[in-house]
Structure formats: C-alpha cells, structure tokens
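The next part holds the structures, each set out as structure tokens.
Below are two complexes that have chain A in common, paired first with chain B and then with chain C.
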Partner chain A sequence: MSAQPLVLGIETSCDETGVGIVRGTELLANVIASSMDEHARFGGVVPEIAARAHLEALEATLLAAVERAGIALTDLDAVAVTSGPGLSGALMVGVGAAKALALALGKPLYAVNHLVGHVGADILHAPGADDRGELELPTIALLVSGGHTSLLLVRSLTDDVELLGETIDDAAGEAFDKVARLLGLPYPGGPQIDRAAVDGDPTAVRFPRGLTLPKDLVAHRYDFSFSGLKTAVARHVERLRDAGQPVPVADVAASFREAVADVLTAKAIAACVDLGVPRLLLGGGVVANARVRTLAAERAAAAGVSLRIPPLSLCTDNGAMIAAIAAQRIMAGHGPSDLGVGADSTLPVTVVQA
Partner chain B sequence: MSGGKRLVIADPEAMERFGARVAAELRAGDVVLLTGELGAGKTTFTRGLGAALGVRGAVTSPTFVLARTHPREGGAPLVHVDAYRLADAAELDDLDIDFAGSIVVVEWGAGLVEHLVDEWLSIVIERPTGGGASAPDGASDADEIDDPDDAPVEPRTVTVAGTGARWADLGWVHAARD
Partner chain C sequence: MLLAIDTSAGTAVAIVADDGRVIAERSSADTRRHAEVIGPLLSEVLAAAEVDDARLTHVVAGIGPGPFTGLRVGIAAARAVAIARGIPLLAVPSHEAVALRLTEGGVAAGRFAVITDARRREVAVTVFAAQLPLPAEVESAHLVARAAFAPAEGVTPFEAQEIPAAALAHAALARLATGVAFPEAQPLYLRAPDVTLSTPKRVS
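After this line comes the complex of A and B, so read on.
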C-alpha cells in the first residue's frame, strides 16, 4: 500500500449520504446528498426515510465522488465506512455498501467511528492548497449536532480518544428544534433560531445554564443538559401567552441561543484549562451557528487557547472525514476491519475502528 | 382505566427515584405510556427507570432517533420511544418494536399504543404551565430562583393508571412517595 493511501469513505449515519475520497490528508472529493427536505414535514429525521434515501442516493453520490476525484475505483487502497454511532437502519445501508464494494474490488475495509471522523475532518486540505497548519494533539474537541453533544479529549486520531462528557438529556441541536417548535418556527430549528435571533437582545431573558452550578460540577463537570433550558423557554412563552402578551420571538431566540452558546463554550474552555490542553476544535453542524463560533473565538482568545474550526462543508456529516480517519489508521499500521463488522448505533468514541 | 393514583414529585431526583420504583415492577412485554408537556420530566423519569434496570448506554431524549434500544445483561432490553413525530399507529408499528421481548417506554404515545397492545401502564406527568405556580419572570417567589443560571425546580403531579389485568393491582404505587 502506498505511503499516502487513496481511500474512499462512506457516511450514512443520519440524513446525509456522504462519499469522500482522500489521499492521505489530501481531499480529492467530498460529495453529499441530503434527505433533509424529506424529513421537514415530520419535524425531524425519520430513520426509515433516511435509510431509504441513502439507498436511493448512494450509487449516484459514489459515482459523482469518483468522477470529481478523477480516479478509478480500482485505484483505491481501501474502502472506509461509518460503523457508528448513528441511526441503525441508516448506518446499515452504508456498511452494506462498503462491504460489497470492498469485496468486489478486493480492497480492505475500514469501519470507523463517526465522532472521531468529525475530529479527523480538520486534517484535510485541498490538493496544492496551503495547509491550514497541522492539527496539534492532544486537543479538546467539542462536537455538536442534531444527534450529538460531546466533549472529547483527543490524544491520537488513530487510537486514543476519551469521552469527557456528553448531554444527559437533549442534544443541543435537538433543543434548537424543540425551541423553534415552541416559537412557531419551522424545522430544522438551528438556522431558524439563528435568523430570528439576529435582531434580538441576548440579555432579554436570563435562561438557565444547565449543569454549570457548583453542585452539578462534581458529577457533571463536562456533561451538558438542555432539558431545563427548554422547559424554561416553554414556561416563559406560556406565561406571556396566558397574560395575553405578544411573544418577542427575536429576544427569546437570542436569549435561548446565548444560553446554549454560553454553556457549550464555557465547558469546552474549562476542559482546556483544567486539563492543560490549550487547543480546542469545534465540529458538527452547530458550527454553522454564528453565535457559537463568535463566543468560542472570544473565550478561546481570552484563555490563551488556539481554536480550530474546519470549513463548514467538512463540519456537517460527510464521507471525506471517514476516509481521513481510515487513512490515518492505515498509515499508523493498523489492519482492516473484519468483513463481519456491523452497524453499531451506540459505538463508544473510544473505539476508533470497529 | 379509571381515576388512577396521584402523587406529587418534588424535583428531578425524586422523578428519577420514581422511575426506579416503576422499573422494579417491569418485565419483558410491559409497556409504559408517558404523557406530559414538553419539559414535564418524561426523559428524567426514563433515565431513573433505565438506571435501575441497569441498561447499557445513556438514557437521553429519543426525539431525534424516534426509538432507542438499550440492551442489558441478563434481561429484556429497554426500548425508549418518542412518538411525538409519528402521525398514527401504523407509523409506530413501522418501527418494528419487539413489544413481547422488551420493556417499552413510549413518550407521547397516547392514542397510538392502544392500537398495538392490550395492556399498558399509563403515567401522566403534569408540570405547572403558563402563569401557574411560579410568577412571571422578574417578579417572584423568593425561593423560586436563587441563581438565575439554575433551572427552577417545580413539583410535578403524576397520575398512574393501569389498563388490563397486568396492571389491575397498583398497590405498589404509594411506595413511590419515599
């Protein structure tokens, strides 16, 4: 196998069908088909719809990625796929396709962890483009999306990732969806709240900051909770409606968003400081949230922490990040996954390759 | 199903303990129907229930995934469902849940689950809404908010009722009040 392995990665853990192709850390193709529109009328991702959409989109997405990369499938050194965590039915489509491809091509299969993939997205660079500078390790990583809210300590992308904390109730993205619903805004909630918040006053209502009080920090120092915040927003809106007053949507959206951004960034920076790791990486769809990015940048600067945010196209779910992790594993000398490997919806982050 | 037993649950910790108490009654084939507003404490209840059953994986909100199966050593798995986004019983049926071989907890399942099973334990959790209990912000109850960053703790009223022979005897319910 070459020193810079050519790897095709398939990602189907949620509602994006992603196929990416990398050579080592060089990004050759990153093609994504989303079934988000099909889920909108249900107010969220429907696993069965996602699985079916992956099935329909996968072949075309794969062919588009191969064409964009200008390679032939037979050139590949390995096939990579997300084995978990994610939605079972959705994952199975990708895992099944990857196995079939690996078998048909006679190439090794690397089944890797989706969350570690989000961190791996950061090492990719376009061919010939200026490198963004090496990802230095160890680093703290804050991964936030519709289904995940996780704080990780990454010592090695190939074999040493520790889960510091995660949400104990709603994922941050889910809290955005639920609050959007309370405010009468459509799905998905993240961009809707972000837009509504533009003209709002983030200090209009001081909403609760979950698990940040001294009493919570003992057992849940790096864990998150957005359920109490969601309830507080519901109560606030109900009181105004009961009193016959209009709901100031912009102010409530801005105040809610501030509470989420505050807790996410405060805990991430606290982990950097506590553990003496002056590096923070953000990943996942919530990176698209302007306030989360701004507050993270301010606080990182104040704490002397260097902040890395991969380009948005690599922050949302994609196959390139999966190929990137597999390439790292190959370069570190790890062997392929067994062809009997399956989808694992609750794959722990400590398992980089299944 | 008539009336049901009412209890007052003081705070989230008590809600988790109540979940654990209910867990002690459960076995494969049982269905628990949870009803309550957004933020009532349905997931908190299920977290306590799951912990008492000793399930694998964190019991968090299943809204995003619709249904999450938590395996456990030497016992029926816990299947935690959020039916809020499902339109009808047929969509719930599409999830292919193994009702007979699992302990199934369904949030927002009233009106749907009844079409799929004959017996279930219904737990309705009510939180104060609108202008009830705590005063509008700013003004207020001295003990409501010591620190604005803390989520206010408000008691919940819980009503437990059974449908079917399996839940004819709810004698164990008051034990839940500590």
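After this line comes the complex of A and C, so read on.
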C-alpha cells in the first residue's frame, strides 16, 4: 500500500449521504446529498425517511465523488464506512454498500467511528493548498450536531479517544430545531434561530444553563442537558401567548442561543483548563452557529487555548472525514475490519475502528 | 455469470453461470443481521467464482417485498457491486424466485400465491400463474392482514421463509431470455414510512 493511501469513505449515519475520497490527508472529493428537506415538515430527522433517501442517493453520490476526485475505483487502497454511532437503519445502507464495494474491488474495508471522524475532518487539506497547520494532540474536541453533543479528549486519532461527557437528553442541534418549532420557525431550526437572534437581546430572558449548578458539576462536569432549557423556552412562550402578548421572537431566539453557546463553550474551555490541554477543536453542524463561534473564540483566547474549526463543509456529516480516519489507521499500520462487522448505533467513541 | 443478492427475508447470495449452473450459493436465515452477514457470504461466493473462468456480467438484486431495514442492505450491496465492476444491475421481485422454484419443481400449478411475512401481523402476497420458463405475475405484491388472508378461489397459497438467491438469478436469466422487462431497482416497500407527526405539546 502506498505511503499516502487512497481511501473512499461512505457516511450514512443520519440524514446526509456522504462520499469522500482522500489521499492521506489530502482531500480529493467531498460529495454530500442531504434528505433534510424531506424531514422539514416533521420538525426533525425521521429515521425511515433518512434510510430510504440514503439508498436513493448512494449511487449518484458515489459516482460524483469518483468523478470529482479524478480517480478510478480500482486505484483505491481501501474502502471506509461509518459503523456508528448513528441511526441503525441508515448506517446499514452504508455498511452494506461499503462491504460490497470493497469485496467487488478486492480492497480492504475499514469501518470507523463517526464521532472520531468529526475530529479527523480537521486534518484534511485541499491538494496543493497550504496545510492548515498540523492538528496538535492531545486536543479537546467539542462535537455538536442534531444527533450528538460530545466532549472528547483526543490523544491520538487512530487509537486514543476518551469521552469526557455528552448530552444526557437532547442534542444541541435538536434543541435548536425544537425551539425553532415553538417559535413557529421552519426546520432546520439552527440557522433560523441564528438569523432571528441577530436583532434580539441575548439578555432579555435568563434561560437556564443545564448541568452547571455546583451539585450537577460533581457528577456531570462535562455532560450537557438541553431539555430543561427547551421546556423553559416553551413555558416562557406559553405564558406570553396565554396573556395575549406578542412573542418577541428575536429576543427569545437570542436568549436561547446565548444559553446554548454559553454552556457549550464554558464546559469545553473548562475541560481544556482542567486537563491542561490548551487546544480545542469544534465539529458538527451546530458549529455553523455564529454565537457559538464568537463565544468559543473569545473564551479560548482568554484561556490561552488555541481554537480550530474545520471548514463548514467538513463540519457537517461527510464521507471525507470517514476516509481520513481510515487513512490514518492504515498509515499507523492497523489492519482492516472484519467482514462481519455491523452497524452499531451506539458505538463508543473509544472504538475508533470497529 | 451472475451474482444474485437477496435480503428480503434472511440474507442469500449466489453466483450462477449463464447456462444456469449454480457455481456458489450461501445463505443465512437470520432476519436481523443482514449488514453483518452480507460481508462473509459475499466474500465466500466471490472467492468460489474466482476459480471459474468466466467474469461477472450482471448483478441481480431481490427488491422484496420484505422488512425495509434488511431489504435495503442487499439492494445497496448489489448496486455497489454493479458500480465496482461496471456491470448492469437487474432487479427481480423476490417472490418471483420462489414462484419459479415452485413451478420448476411441479409443486405449483395453475394460479398460486407466494406469501412472506411483512411484520405487524401482515403478509406480503404476490399471485402468479404457473408457467415456464417464467411464472407470470397475475397480481403484484401487496399487503394483507394475516388474519384476513384468504386466497381467491383456485389460488393455492405458499408461504416462504427464505428467498433462494440462485432462483433469483434463474428468474433474471429467464427474463433476459424471454425479453421480459426488469422493474426498477427500487425496494418494494408497500408501506409508507412510519412517521408520527408530533405537534409541540404544552409544558405547563
């Protein structure tokens, strides 16, 4: 196998069908099809709709990625796929396709962890383009999307990732989507709230910050909770409506966004400080949030923590990050996954390769 | 040489020569672990085909009906093989494989129904007329409550627990030979996706 392995990665853990192709850390293609619009009227990802959409989108996405990369499938050194965590019916479409692709091409299969993939997205750079600077390890990683809110300590991308904490109820993106619905804003709610919040006063309503009381910090120092926040917003809105008063959407959106950004960044920076790791990496779709980005930058600077945020096209779910992790595993000398590997909806983050 | 894959019941894969000879066939009756077992099973039949001189010319996908999660695994795999090898994908309704076997074996005659479990106390039913080289579909696949299922006058029901992949390839060969068109390579879901439209509830 070449020193810089050519790897194709397939990602189908949620509502994005992603196929990416990398050569080592060089990004050759990153094609994504999303079924987001089909979920819009339900206010959240419907697993069966997502799984059906993956099967429909897979072929075109794969062919587009191969064309974009300007390679032939037979040139590949390996096929990679997300094994989990994620929606099991959705994951299985990718696993079935990846196994067959690998076997029909006579290439090894690498089934890897989706969350570690989000961290791996950071090492990718465009061919010829300047490197974004090496990802230094160890680093703390905060991954926030519609399905995940996880704080990780990453010592090695290939075999040493530790889960510091995660949400005990809703994911942050899910909270954005649910609160948007309460405010009568369309799905996906994150961008809508972000936009509405621009004209609002973030101090208008003091919404609760989940798991930040001293007693909660004992057992849940790095865990998150957003369902109480969502309920608080719902109560606030109901009270106004019951009183026949208009709901100040901008103020509520700004105050809610502030609460989420505050907790996310406070806990992430606390982990950096507590553990003496002056590096923070962000990943997941919620990283698009303007307030999360500014607050993270401010607090990181104040704490002497260097902040890394991959380009947004690599922050949301994609196949390139999956290929990137597999390439790292290959370069570190790890062998392929067993052909009997399955989709594991709760794959722990400590398992980089299943 | 054809590779056939069906995951509408268990997982079944086979490699069949153009003359119908079965080169390799493997299956697992497990109705929950399609994503796992498809790897080893495919690997074994492809290895067996390797010793044969011929090259794969077609991939055949069983398109169900069957429980969705498993069904998709086989169709996704079949599509991937077709792309990897640059060969056409042929879709065959899974019940047709069973119908062909029953007809060839002289078990079915006249009109008969192939039935498979569709979960949720329903069965999937396709009615065929026994004829060779290919049984004719009289009524396309549809769902019926198991308790309410009663075959029409003169229609003999046969309930199948598995779909033989070699028979799926034989059905594809029969279609090719007789010029019967293939359906689109889309799953026969027969059911709309399960969604519960939630409306925001009051919290106080």
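Just so it is clear, the second predicted complex is superposed on the first by the 354 of 354 C-alpha atoms of A that agree within 3 Å, B and C clash if a C-alpha of one lies under 4 Å from a C-alpha of the other, contacts with A are read in each partner's own complex, and residues count from 1 in each chain.
The working rule: a contact is a pair of C-beta atoms (placed from the backbone, for glycine too) under 8 Å apart; a residue touches a chain by one contact, two chains touch by 3 or more.
As the structure is a computational prediction, the values presented were derived from the model and not from experiment.
Asker: Give one of first, second, both or neither to describe whether A:Leu105 is in contact with chain B, with chain C, with both, or with none.
Answerer: After superposing on A, A:Leu105 lies in contact with chain C but is clear of chain B.
Asker: Let me test your reading of the model: by the given contact rule, A:Thr231 touches which partner, first (chain B), second (chain C), both or neither?
Answerer: Touch partners of A:Thr231: chain B and chain C.
Asker: In the overlay, answer first, second, both or neither for which of chain B and chain C A:Val46 touches.
Answerer: So A:Val46 meets both chain B and chain C here.
Asker: In the superposed arrangement, does A:Met36 touch chain B (first), chain C (second), both or neither?
Answerer: Touch status of A:Met36: no partner.
Asker: Would you check which partner chain A:Leu182 touches, where first means chain B only, second means chain C only, and both and neither mean what they say?
Answerer: In the superposed model, A:Leu182 contacts both chain B and chain C.
Asker: Between chain B (first) and chain C (second), which, if any, makes contact with A:Ala343: first, second, both or neither?
Answerer: In the superposed model, A:Ala343 contacts chain C only, not chain B.
Asker: One more residue to check, A:Ala97. First (chain B), second (chain C), both or neither?
Answerer: second
Asker: After superposition on the shared chain, which partner residues are touched by A:Val273: those of chain B (first), chain C (second), both, or neither?
Answerer: In the superposition, A:Val273 touches no partner, neither chain B nor chain C.
Asker: Applying the document's definition of touch, where does A:Ala290 land relative to chain B and chain C: first, second, both, or neither?
Answerer: A:Ala290 sits against neither chain B nor chain C.
Asker: In the superposed view, which residues of chain A touch chain B and also chain C?
Answerer: 42-43, 46, 48, 178, 181-182, 231, 234-235, 238-239
Asker: List the residues on chain A that touch chain B in their complex, please.
Answerer: 42-48, 87, 146-147, 166-171, 173-174, 177-178, 181-182, 205-206, 208-210, 212-213, 227-232, 234-236, 238-243, 345-346
Asker: Under the definition above, what is the set of chain C residues touching chain A in their complex?
Answerer: Per the touch definition, chain C meets chain A at residues 5, 7, 33-40, 42-43, 46, 68-69, 72-81, 83-85, 187, 189, 193-195, 197-198, 200, 202-204.
Asker: Provide the residue numbers of chain B that touch chain A in the complex, in ascending order.
Answerer: 37-39, 43-44, 47, 56-58, 60-61, 63-68, 84-85, 94-95, 127-131, 134, 136-137, 147-152
Asker: Spell out the residues on chain A that touch chain C in their complex, using ranges where they run on.
Answerer: For chain A paired with chain C, touching residues are 41-43, 46, 48-49, 51-52, 54-55, 58-59, 62-63, 73, 88-89, 91-101, 103-105, 109, 178, 181-182, 231, 234-235, 238-239, 338-343.
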